[in-house]
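Chain lettering (A, B, C, D and E) follows the sequence in which the chains are written, and residue indices restart at 1 in each chain.
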Amino acid sequence: MIIQIILLVGLVIFAGLAILAKDLLKAALSLAVASLFLGIIFFRLSAPYAGVFEISVVAGLITVLFALTISLTRKNDQVQEARLVKIAFPLFFILFLIIDGLVMKSLLLKVPALPAGPEAGTFGQVLWKQRTFDLIAQIGVILAGVLAVLALFRKKEEDKDE
Amino acid sequence: MSNLWFLYLFFSALLIFIGIYCLLTMRNLIKLFIAIEIISKGVSLALVATGAVQHTILLAQSLVITYIVVEVSLVATALALIINIYKKNKSLDVRLLSKLKG
Amino acid sequence: MKVETISLLTIFIPILGSLLVPLAGIISPRLRSIWSVLIGGLTAALPLTLIPQALKGGEIIFSKSLALGLDFILVIDPLSIFMSIVSSFIGFLIIIYSLGYMHHDENQNEYYLMVIMFIGSMMGLVYSANLVFIYLFWEIIAIACWRLIGFYRQKDYVLKADKAFLMTFGGAVVMLLGFIIIYGQTGTFNLVAMRGVAIPGSAVLLILFGMFSKSATVPLHTWLPDAGVAPTTVTALLHAAVLVKIGVYAYARLFLYTFKIPEGWQQAIILMAVISSLVAAGAATVENDFKRILAYSTISQIGYIFLGLSIANPTAISGGLLYILMHGLAKAGLFLCAGIVIHSTHKRDIREMGGLIKTMPITAISFLICAFSVIGLPPLGGFFSKLLVILGTVQANQVWVAALALFTAVLTMFYLMRVFALVFLGDLKISAPEKTTSMVGVVSVLAVLSILAGLFIAYPMKLVQMATTQISWWLK
Amino acid sequence: MTAMTLLWPIIFPAAVAILFFLIPTRVRFVREVLAVISSTVLLYLGFALFSLKELSLTTNWLGMGINFDLRLYHFSAFILLALSGFLFLICLYSTVKMKDHPRVREYYGYVFLAAAFSNGAVLSNNFILLIFFWEALLITTYALVTIGLKPTSHRTAVKSLIIGGFCDFSMILGIGLLWASTGTLTMNQVHVEPHGLAVAAFILMMIGAIGKAGAMPFHTWIPDAALDAPVTFMAFMPASFEKLLGIYLLARISLDFFQLKVGSSMAMVLMIIGAATIVLAVFMALIQKDFKKLLSFHAISQVGYMILGIGTAIPIGIAGGIFHMINHAMYKTGLFLSSGSVEHRAGTTELKKLGGLAREMPWTAFGFSVCALAISGVWPLNGFVSKEMVFHGALETGYPIFAIAAWVGAIFTFASFLKAGHSVFFGPRSTEIPKTKESEAPIVLPILILAALCITFGVYNKLPLQNFIQPILSGQAEAQGSLDLTTHALNLFNPVAGVSILCLIIALGIHFYGWNRGGKKAYLASEPIHQLIGLKQLYNLSEARFFDLYEQGVKFLQWLARILFQFIDRPIDFIYEKVITAIGRSLTGLLQKAHNGQYANYLAWTIGGLLVVIWIILQLLR
Amino acid sequence: MVFSFIVIPLLVAAIMPLLGKISKKLIPDVLTNAALAFLLLNSILLIKPIFNQGSIIQNISWMGEKVNLQIALDSFNLFMLFTISLVSLAISLFSIDYLEHYGHKANFYALLLVMIAGMNGLVLVPDLFSIYLFLEVAAVASYALVAFGLGYDELEASFKYLMLSAVASAFALLSITIIFGMTSSLNFQDVARGLQDLSARYVIGVCLAFFIMGFGLKAALVPFHAWLPDAHPSAPAPISAMLSGLLIKVSGVYALFRIIYSVIGMTPVMSQVLMALGTISMVVAAFLALGQKDIKRMLAYSSISQVGYIVLGLAIGTPLGIAGGLFHLFNHAVAKGLLFLNSGSIQHITGTRNLEELGGLGKRVPLTAGTNLVGSLSIAGVPPLAGFWSKLVIIMALIQAKQMGYALIAILASILTLWYYLLIQRRAFFGQMNEKWSHIKEAPFWMSAANVILALICILVGIFFTPVFKTWISPAAEALARGVQQVMMWGI
């Protein structure tokens, strides 16, 4: 149980680092490590497929995309972040920590939940049988993403600029 | 059983807070998008945790996988947008993006 | 032909006919004017065939049910027949007049479309006995008004048109809220079913907003003088004949025919009516723009009609209804004379005109006759209506109100004579010939009608008598 | 002689009037002949109806108690006869006087239209019908005054219209009050005790009557009309028709409708107005430089006598008042017609320019002098008889002040006519006007007829008193037995007659004193009075129209209109034009500034909105 | 058959880029319009079965064996389908000419079809998580479409739109997970049954707050509206018409009220909160629209204001209120779609959207002016046109529910609405002819055709509002008003 908590704390720390880091590459890397932690947590929650996906896709693919974008916008991306913001972050964080703790403790016993029966079937069945609609939606999303990128990167000279 | 659930919800709330704090204060476009990523991590954590706690883990996993796919396409579109904005503005500062006013 | 079909024809011929006007306009302007005169004439002729039905008294209800209690109901009783005759007849005269007046203006297609649509929806409003359809025709008229006032398309003219549209639409929408409050209370929009129902003060206040904005009574009147920027035929149509009569008709139809309004409100309306006519008369004395003076005088005369109807005893009601006819004729005459004068001298300020009686004798004389009818001097029709309203007011022992109304009558006499003297007498500044014979013809017809209405008062009075007894059967 | 004949005196003149409008101006001779013939027909009709005594016609007209009913009884028959008589004389007179007037076509039309309306007013027995004909006269008066074609004649026409309108509107209010209190509109059924609301009704009806008759506060248009309107109009309306109608109505009000009590408050009001009119008008008349203006002021002052007479509420006084009405109509028309013939020949009515016309215009001079003596109340003539009756009535009321006022009036009336007669006819021949000869017969004849009537009504006063005035008073309940008016009518040997003769002598003295001081020039005879310290300023003020109710009224109306316009109409418009648009614009501006395009700002709203919604929901759920 | 609503657009969208290579212009146009026409026809054909059966649950079999793929169709989402297909057909007709100068038609049509597929999916699916998914599909497609012009404004607007709705949908998903946690199922029926037994007022309240924020931002209610005034004006005209006309209604209003009515059940608290939100956005947006210089930005604010009306209508809770809200949703979709297409033709004719430069176009381009007038008066609620009836029903419902205050504010807001629509008329069409535009000619055929079709719909619905109301609106309102019981009885 303790390990779970340690992993969760690690996840939160690296997420914090991701937004505080001055250099973008460092931020992207800490983001990747954070998603690594998350993957491990998923494994421990006996959600292996989710963990694999998390690590491979989120830690891998998205981080690569980030790195690509950062390199493309390397030349003059020095945007001075306000220093005050960086300093104030821990304060707000601790404050939120306390509020969040209180809210979660007060809601602890209140939220009733229906006792769910043991889950039948394998993951494949669940994915394919019960959630087939989501698959169609996924096709839609992927198609939308691809078309979006195509549209956004279409060559300029064909259409006169507005 | 359900207090475990709130532990995970506690941590995902923390992640979401970090994301929103970054969105509200940071100025770099990519930093902002990283914040969005952090928020979606928090949400996927909550999703899986709920599944685990309620013994509907298989269903939760399929949900998370779909969610990640959605997230990928969102990242693709957003980064394409950011690159285009960069080509136009030659800068990643979000404060420059305030021409449409009133 | 059954009475219902006649009244349905009176409503739908002009509305559908107006849609064909642009088509006729594209083919040839001549065809368009023939078409509009034909439609106008037909609309004027049809209600006349209903007079025997009106003289029989009683009412015929025609209803066709639609969704949600919004069914299309027509009530054909002496009041609606009387109103439809008055408005369609004067509207028809104005169409003939505008053939000459608008001869060389552009976008005449839209003009005739809107005028005939205006008269058509006025017919619809007059016959309909469902609150929502009264509102529906009320707003179609507002649209037609907006397009007509902004006819000349100059920047500030359109501004004035928008102002008029917004004020009348605002008042009407608030009135609609009043209607719906009544709907909330009684569960139906059907006036015939709701006869004798007492309605709360709040509904009365809201409905009054609509009526006062449409009939330009003081608090909501400022759009009417500004609407003087429209061509004179439109101002004639608006001020004299039709538009301002809507609010007054709605008052008669709602607060006399159907609902019982709380006592305090009746007294309040009486006071507002008198104050409005006094203030408007005052403003008319000070103004110098020809059409603005006549507009303010309309507001003042409308105050009288409201006074008559709100006193709600048979003498006052018949006085009020008669007033609608007499004022319609006389004020249309005044406006159309103003139209001839402005059309030939291209001046709006009366101080720049003078001595026009030498070049325009007929216009001058008809202006004088119509002015006398508005003032209420005997041989002319106006006298009887003003007399009955005053007598009714005194009968309802509102002596001070009657005294104030008479004082306003003296003020009316003063400013109308001032206008006549400044425009037609004195030395001739601009020698302007009397423009087209059709315009002068219409004006003299209106003047003669005022005289005949005065001399043969018994016939219109009979019709008005039937309408009054029909309205106020439960008042006693 | 069925009831329908009652319609004749209204429809026949109206039809003739329309005929006149149709005859084109070029056709000369036909118009004059038609006028004379139709007026004789009307005169005959008057006599025929007078002999009928009682006739009435009732038909439904507008419902609600308003029906078209006419009623002929001795009083209205007598007035009808008088009206047709004067119409005949004036038509005869104007055949020549108005021959080459540019708007002669409309003149005759309006004259006959006015005759129709006045006959209608006299005959009508329903208040609404009465007010219908009564107010219709406004338009004919307005039109006839504009026929004067002087530059200011339209202004005077409007003045007469507005004053007449004001009086008639107050009369409508009075009728309304009467209708409300008695419930019926037929005039012969209305008998009301004058207290509470009825007093207001009486006052308002009285304003209507004296407004038409031309008594004090509402008289100001008559002197202006004297110069602006044609002289035939002056003879026609202010001199005869309006006086007859006005006093007819006043008499009916105080006799039929309200039964005035002696010394009651309303009677006092009438007497005060009468006395004031006599004195003030006669003082104004005295100093006039123009012959017609002098006569017009006298027309106003003589009305005072009639009102005073009726105001006394004593049978002798009322009879005097009514008798004075008919007498005054006769000699005043005569005087106006003679001034018209002088103007016809001499071309001007300026007293300064005229002088010594008696030799060239003997008949006019004779007619003028008879009528002048009559108006001043010289012994054998009708003026004397009716004035004596009024004096008796005034004394019997117990308030001598009114009688004194009447006498003062008599003095100055005689003084001013001495001045007028002396300067126009009898003084030295003036050099400014060329040699003239007597006016044509149709002009002189009416003057002579009127003079003859003055004499006959004076000497054989039993004739008018017995069959005209007596029946009117017979209705009076408290008339003591057989009212022997006529017995002491002409006897001189009583104190009242003595005082009036004394007044005449004083007037002679004043005239000759003024004549001498003015260096033998008759028209300056009134100068000493004019220059008196107190009076001088008053005269200058009244010349400047300060006392003119109409001018002050117009100023008040304009001031009120400006107030209403500036302080009620414009602010309302200001609210719509400026205030609402300004509010709208400022609110929009505020909200627009909030949208500054920053992403962080929008996200903050979203999160803020979420927290607020959560907080509200939790509050509402608790 | 019902499933085709999602599959056909996706299929056509998938093959569109390939076809795009073959013929730049013709095939994409024809294919898209044919697909959308088919969908419209399909939705009309479904009225009969829905009318008598009440609702259809279709389990689709995939290559033989049964797949647990439930599509629930009752008159409410049929009404939504009909609105979507009708307006999107008109928009695609419009974009035949409009996209001449954009060139890359295939890509545009593909994205458009994906968006329509997303919306249809969202409307049809009876599952909470799938609603979120299809919402994302439509959203991603709309981000790309808003930025389609690749100009500076487009990119800025699209970026802000993306970032805001990403946060919003994250919150929506959070509340879905919490409900999933409580009822351990995502299907409407099971969740509805589960929530009936649970007594967790506060947690559901918080979940609903998250839903209001998530879907409220999609529906552009006032505190969450900020992205819309930037996104709609800069998007190409057909897309801003699609966004304003359909997307904010489907992914915002439909999703929110479907969940509230059919899953959780409307409570008085919810009704008060939503009515307040609706009224605030109605008034604030109306004032904002007054001060605008750019036509499309003014129309965008007017959309926010009219959505306020719809939310106010639906939030009353009585069947009449819901009917009013839905009727206004339909009228606004048609009329606002028309107005945005119209602004597109103005831009195509004159090249500018700034009201200051425009003037008196009425003379030269009567068709565009006429259709704009019809659209504006319909939204302003001026009688003979459709908008009036829906506002009337809303106010009737408000009065019946004893909400005098809201009714009065609704009335005053409609005066404001007319004020700024008259502003457009005065500046653009009705006033004096600006000499710069003396030689402009009417918009191309397809653009005017689309305008005229939508204008005719406005007029005809206005005149024959009873048949429209009886066949479309009141069954949909009944379906929604029965709320949770309706969902429970699906398919039985």
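In the analysis below, a residue touches a chain if its C-beta (ideal position, glycine included) is under 8 Å from a C-beta of that chain, and two chains touch if they have at least 3 such contacts.
Since this is a predicted model, take the numbers as computed values, not measurements.
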Neighbouring chains common to subunit B and subunit E, by label: A, D
Top chain pair, ranked by how many C-beta pairs fall in contact: A-B
CA centroid of subunit A to CA centroid of subunit B, Å: 5
Whole-Å gap between the CA centroids of subunit A and subunit E: 31
Whole-Å separation of chain centres (CA-atom averages), subunit B against subunit C: 66
Subunit C-subunit D separation of Cα centroids, rounded to whole Å: 38
Subunit A residues counted as touching two or more neighbouring chains: 107, 111, 113, 116, 130, 134, 137-138, 141, 144-145, 148, 152
Residues within subunit E bordering two or more other chains: 129, 133, 136, 140, 143-144, 147, 150, 159-160, 163, 167, 181, 184-185, 202, 229-230, 291, 419
Touching two or more other chains - residue numbers and ranges from subunit D: 592, 595, 597, 599, 603
Chain pairs that touch, as defined at the top of this document: A-B, A-E, B-D, B-E, C-D, C-E, D-E
Touch list for subunit C against partner subunit E, complex: 66-68, 70, 107, 132, 135-140, 142-143, 150, 153-155, 158-159, 161-162, 165-166, 169-170, 173-174, 176-177, 180-181, 183-184
Subunit B to subunit E touching residues, read off their complex: 5, 16, 20, 23, 29, 32-33, 36, 39-40, 43, 46-47, 50, 53-56, 59-60, 63, 66-67, 70, 73-74, 77-78, 81-82, 84-85, 88-89, 97-100, 102
Complex contacts: residues of subunit C adjacent to subunit D: 163, 167, 218-219, 221-223, 278-287, 314-315, 318, 372, 375, 377-379, 383-384, 387, 390-391, 393-395, 397, 399, 402-403, 406, 409-411, 413-415, 417, 421, 425, 457-458, 461, 465
Touching residues (chain side subunit D, partner subunit C) in the complex: 61-64, 128, 131-136, 138-139, 154-155, 158, 161-162, 165-166, 169-170, 172-173, 175-177, 179-180, 197, 200, 554, 557-558, 560-565, 568-569, 572-573, 576-577
List of subunit E residues in touch with subunit D within their complex: 159-160, 163-164, 167-168, 171, 201-202, 205-206, 208-210, 212-213, 216-217, 223-224, 226-227, 229-230, 269-270, 272-273, 277, 284, 287-288, 290-291, 416, 419
